[in-house]
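Two complexes are shown next, each including subunit A; its partner changes from subunit B in the first to subunit C in the second.
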Partner chain A sequence: MLAVRLNRARRLGPRVVLPLAGSVLQAAVVAAATFVVFLLMRLIPGDPARILAGPGGSVTPEQVERTRRELGLDDPIALQYWNWITDAVRGDFGNSLVLNDTVAELLADRLVITLQLSVYAFTLAVVLAIPLSLVAARRQGAIADKLSRLAGATGVAVPSFWLALLLIIVAQGVLPTFGYAPLSEGLGAHLGHMLLPALALGAGFATLVFETTRAGLIDTLSSDYVRTARAFQIPERRIYGRYALRNAFLPTLTIFGLEAGALMAGALLVENAFALPGMGRLIVQGVLSRDYPVVQACILVIVVVFVAVNLLMDLLYAVVDPRVRRSRG
Partner chain B sequence: MTETPTTPMTETPPADPLLALDRVEIGLAADPQVRAVDGLDLRVAPGEAVALVGESGSGKSVTAYAALGLLAPALRASGTLRLGASSYDLGDPGALRPLRGGEISMIFQDPGTSLNPVMTVGRQLEDVLRRHGGPPRRERWRRVVDLLAEVGVAAPDRVARAYPFELSGGMRQRVLIAMALSCEPRLLIADEPTTALDTTVQAQIMDLLMTLVRDRGMAMLFISHDLGLVAGSCRRMYVMYAGRVVESGPVADVLRRPRHPYTKALVGCRPTADRRLARLPSIPGTVPPIGSMPSGCRFAPRCPIAVEQCRTADPELRAVGGNVSVACLRASEEES
Partner chain C sequence: MAERTTPVAALLRPLTQKITWSVLAVFVLVAAAAPLLAPYDPAAQDLRNTLMPPGPGHLLGTDEFGRDQLSRLFHAVRSSLLISLATTAAVAAAGIPLGLLAGYARGFANVVIARAIDVGLALPSLVLALGLIAALGAGMRSTVIALAVGYTPYLARVVRGVVLRVRQEEYVESARVSNVPPWRIAVRHVVPNTLGVTSVQLTLIFAFAVIGEAGLSFVGLGVQPPTASLGNLLADGSAHSLDLPILTVAPGLVIAVLVITLLFAGDGVRDALDPRRRR
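Right, the complex of A and B next:
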């Protein structure tokens, strides 16, 4: 995505084109992803009009038809999508078909929890993985390196929901393994409830960050410019930070962007394991009860977050690497 | 390259050298018997420009890295390095660390990859200055710009703010030379500093190096495979083959009358304008890979004048007069 955009920027030149082309592209990604989900929802057997109109065989086809018309479900699908997306852009996600509430209302609290979980998992992973990769790259082949690589391989192999169950069994009685505590109950309680879910969700991601950064570091530590820095006695701490890690970080940023979606998706599973009232349960309920507006809004939010994170990574790329930054000018 | 006799330099191996490398051996850490350099002695006098010459794989660059304790982890060195009155064990890279920059500065073969791509060259120069007792923080940038001007950068202000990828190869090498100068070293090791550059830029960089060496009385160990550059810049030379010095002496004498068949072949490979050749001459065969050195003389398998004895007896480096030393059994016989 980045390379394509840079090429275009080079050809067209002006500074204005790039952000513009970027946002057009990202808007297209959001539109395409939500449209696909829109279609998929309608392929699932089961008619929401029939479910809503009343239980069992007591409703007449006329009643079902009337409900369908009221919901706008008899419009052509493209028109339905258009009505939905134009409302959504204005912040109106419609009403839940099943629950007696607006979708925005339903989503607000749960989204916060899912976002919190994802951010904590991300932070935990980065805080664990980056220092470990430094240690491992420095003492390549030593015990610390081998142990962290073994842990890494395990982290990739173990799915997050299974790890969640394992953590629940192991930490039973030590840490809260059930439910959510909002920040208003105190930071300690809040983080205490989030620690295990964040760990379960972040483990696989941490492994990817660790392996990518470690490989990058091994590469940059044997680079000519690190040799130059050493030939001039630049302190090792500065070599690791400014010379090796800064250059090794570029592929890691790509991983951050690519994994943002996986992290959100994983959050939905982990939430269920720890009974966190996040978006995960909302989506599952929505799919089961054919609650189109709820599912669509959830997907829209996830896609927007994914696109936003990738946009942020593109910007960070430019901050970290002057070759990206200056080739735009 | 014009012949420019520069500093007052001796043509004899110095009795009181600035740098002395003794019995240098560089081998694989895993198997020290597999050696890239095998028993090298080398002297550089204060202010002297000395060349270390040989094909790729002859061990000249690793020798330089070993002198600064910068060998790759897979390699291990032994031997001693004397600098002035102090003596250092080459097997202990940490002990050599204090020499880097301040005593011995090094510039590298590939200026394209030798600078950090994500820092401006000015910031990298500042890093070096801070480490080597440069001016206080507020005056440091001024000093960076001055240094760049000193190495012939036309717009030093602008170049200091540039990233390496925004500069040409020649400009990057000037930046690295400025880096080396900022430490005011007693010895500059130049590891094929112009190999990666265009011919015209090559001449400019060589001129710059020679001017700096002359003006500052700095000694230089010039590593190259280009005999033309060596002839124009150095007074003494060492010729390396397969990890050993096979011939050493004053550049003019060695090049005019090479005694070792390998040196002869090297000199014979230089294309000249007055000799029109159907094809460029080359030395048949290749340098033996380390780990499978032939017994006896290492050049014997490629040598046009080798005799049976060459394949069994390992020739010692011996003086053959005129300050030239040669490691060849047949050298003197051929002479007469």
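Right, the complex of A and C next:
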């Protein structure tokens, strides 16, 4: 039993270590990206110390100075960044300048809703698109290609927030089109409220997954080794399961990673259409009221999720790619 | 010898491309002539005739301020195309030199630019745009800047890839050993090779800019009312999507048709420039 587990760990070894080496570089990129976000927020006109010190003309310059010192706003910018990012790692994003709450408190519930929406949309897209692409890959030729391209283009061209409005028009009275039901109100109510938003957000992504997977499958199925396997009369099911699918799904995994950021950004817009109390409303309000601690925390969280998904995809890539598997024997 | 065809002729040969470019021409015409084509002033309110259904006086009805929806739609196409055009031009102006530098420069400059592009790609473009708008304030100019900064890394990465490939080509090598100055190699060999990929990317970026503007304006961070833009019309209409769906359906349909047309235009440009796909 132990031997099996050790063996599995050894097998996992290079697959995990190689992407992790790349992820050190990626971590540096993320750090730089967060620094860009931080600098960006410093471009916001208006003096946060003045805003926080108190309203209107009632504050003396001394009070503003004191607030500035307390907030560390007179520190060198690199030190300010260091303090912000180390606090953020500990879950402390500071206080909102406008809303009377800590940013962490504001984010907590809203992030959950945005993540739920993104994950449901993703799942829906994969469940719809992958079987369809398997069917569609068997139909090749000019017309099938054109139709597949049209589906893909439509998916990009129909913005998720417009699809959201259309779904609200069509499904009014049939499904909930407004607001959120937490899991504590029952799974049915929760999923009922999330179905239309997830559909609106996931549809475009689904067409992308469909187009990519179909192209990957056609590419693989016309390769020499599949032709050879067919010549040896290996059953079609076995060709798919053993050879074709793994290779065909590699571009799909790449798309998963690349589109994770766009999916979450889309969630912010779709939430708006369905009045879901997720991060979307928070970030929009934050941008409009120039509440920079809120905006930079939201952006940081999205970037971290985006990078985490990409790291996961790198790991999956190594697990799925047969070339890495073969190199162990 | 193979029959010589001009790129334009190759581009317009397939039927889908004829349709694509005709539709685009209509959009450009509407955008250019919006003030002439619009039956009403797009900002003129008529508070006695608010939320009118489509009819002879107002072909697409009126919004909650009694403004003529068709006139607003024409002007929205105008401002959305203008924003997308400005965004695309800005991306080209920034992304092409960046990509060329990143592919051409060696040593420290190469590393710095390449990593800068990576950093840009690590931030989802809409999210980066939100951050920029927080800093710049909402408005038409900010929308262009925010979208352009978000899309520039994508173009720069593609251009850099082409440069890295072309540099390895034998004719560039031989030009280099013949002491042709680097700027001349860049102008004569490298830049022409990037034009194909660049023009395809720019059509895509134009399409994404249309959606980007609509998304930002939909949540109130893009073009500010009363200026009509495709995103603004959606935002205005969404409040009445149940009692007057045409206000939501029409602008969204225009966005979808415009973007599909742009994507097919991109396909056409790609096929026309790629001799292997040209039939």
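Assume the second predicted complex is superposed on the first by the 254 of 329 C-alpha atoms of A that agree within 3 Å, B and C clash if a C-alpha of one lies under 4 Å from a C-alpha of the other, contacts with A are read in each partner's own complex, and residues count from 1 in each chain.
Just so it is clear, contacts are C-beta pairs under 8 Å (C-beta built on N, C-alpha and C of every residue); 3 or more make two chains touch, one makes a residue touch a chain.
All figures in this text were calculated on a predicted structure; none of them were measured in a lab.
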Partner chain(s) touched by A:Ala144 [first = subunit B, second = subunit C, both, neither]: neither
Subunit B versus subunit C as contact partner of A:Ile218, first or second or both or neither: neither
Which of subunit B and subunit C A:Leu115 touches, first, second, both or neither: neither
Which superposed partner A:Val36 touches (first subunit B, second subunit C, both, neither): second
Which of subunit B and subunit C A:Arg242 touches, first, second, both or neither: first
More subunit A residues in contact - subunit B or subunit C: C
Which superposed partner A:Leu312 touches (first subunit B, second subunit C, both, neither): neither
Residues of subunit A contacting subunit B in one complex and subunit C in the other: none
Residue ranges of subunit A in contact with subunit C within the complex: 26, 29-30, 32-33, 36-37, 40-41, 43-45, 146, 149-150, 153-154, 156-159, 161-162, 165-166, 168-169, 172, 261-262, 264-266, 268-269, 272-273, 280, 283-284, 286-288, 290, 292, 295-296, 299, 302-303, 306-307
Of subunit C, residues touching subunit A in the complex: 16, 115, 118-119, 122-128, 130-138, 207, 211, 214-215, 218-221, 234, 237-238, 241-242, 245, 248-249, 252, 255-260, 263-264, 267
Residues of subunit B touching subunit A in the complex: 68, 70, 72, 97-98, 100-102, 105-106, 108, 110, 113-120, 127-128, 131-132, 163, 165-166, 176, 179, 183
Complex contacts: residues of subunit A adjacent to subunit B: 222-225, 227-235, 238, 242-243, 246-247, 320-323, 326
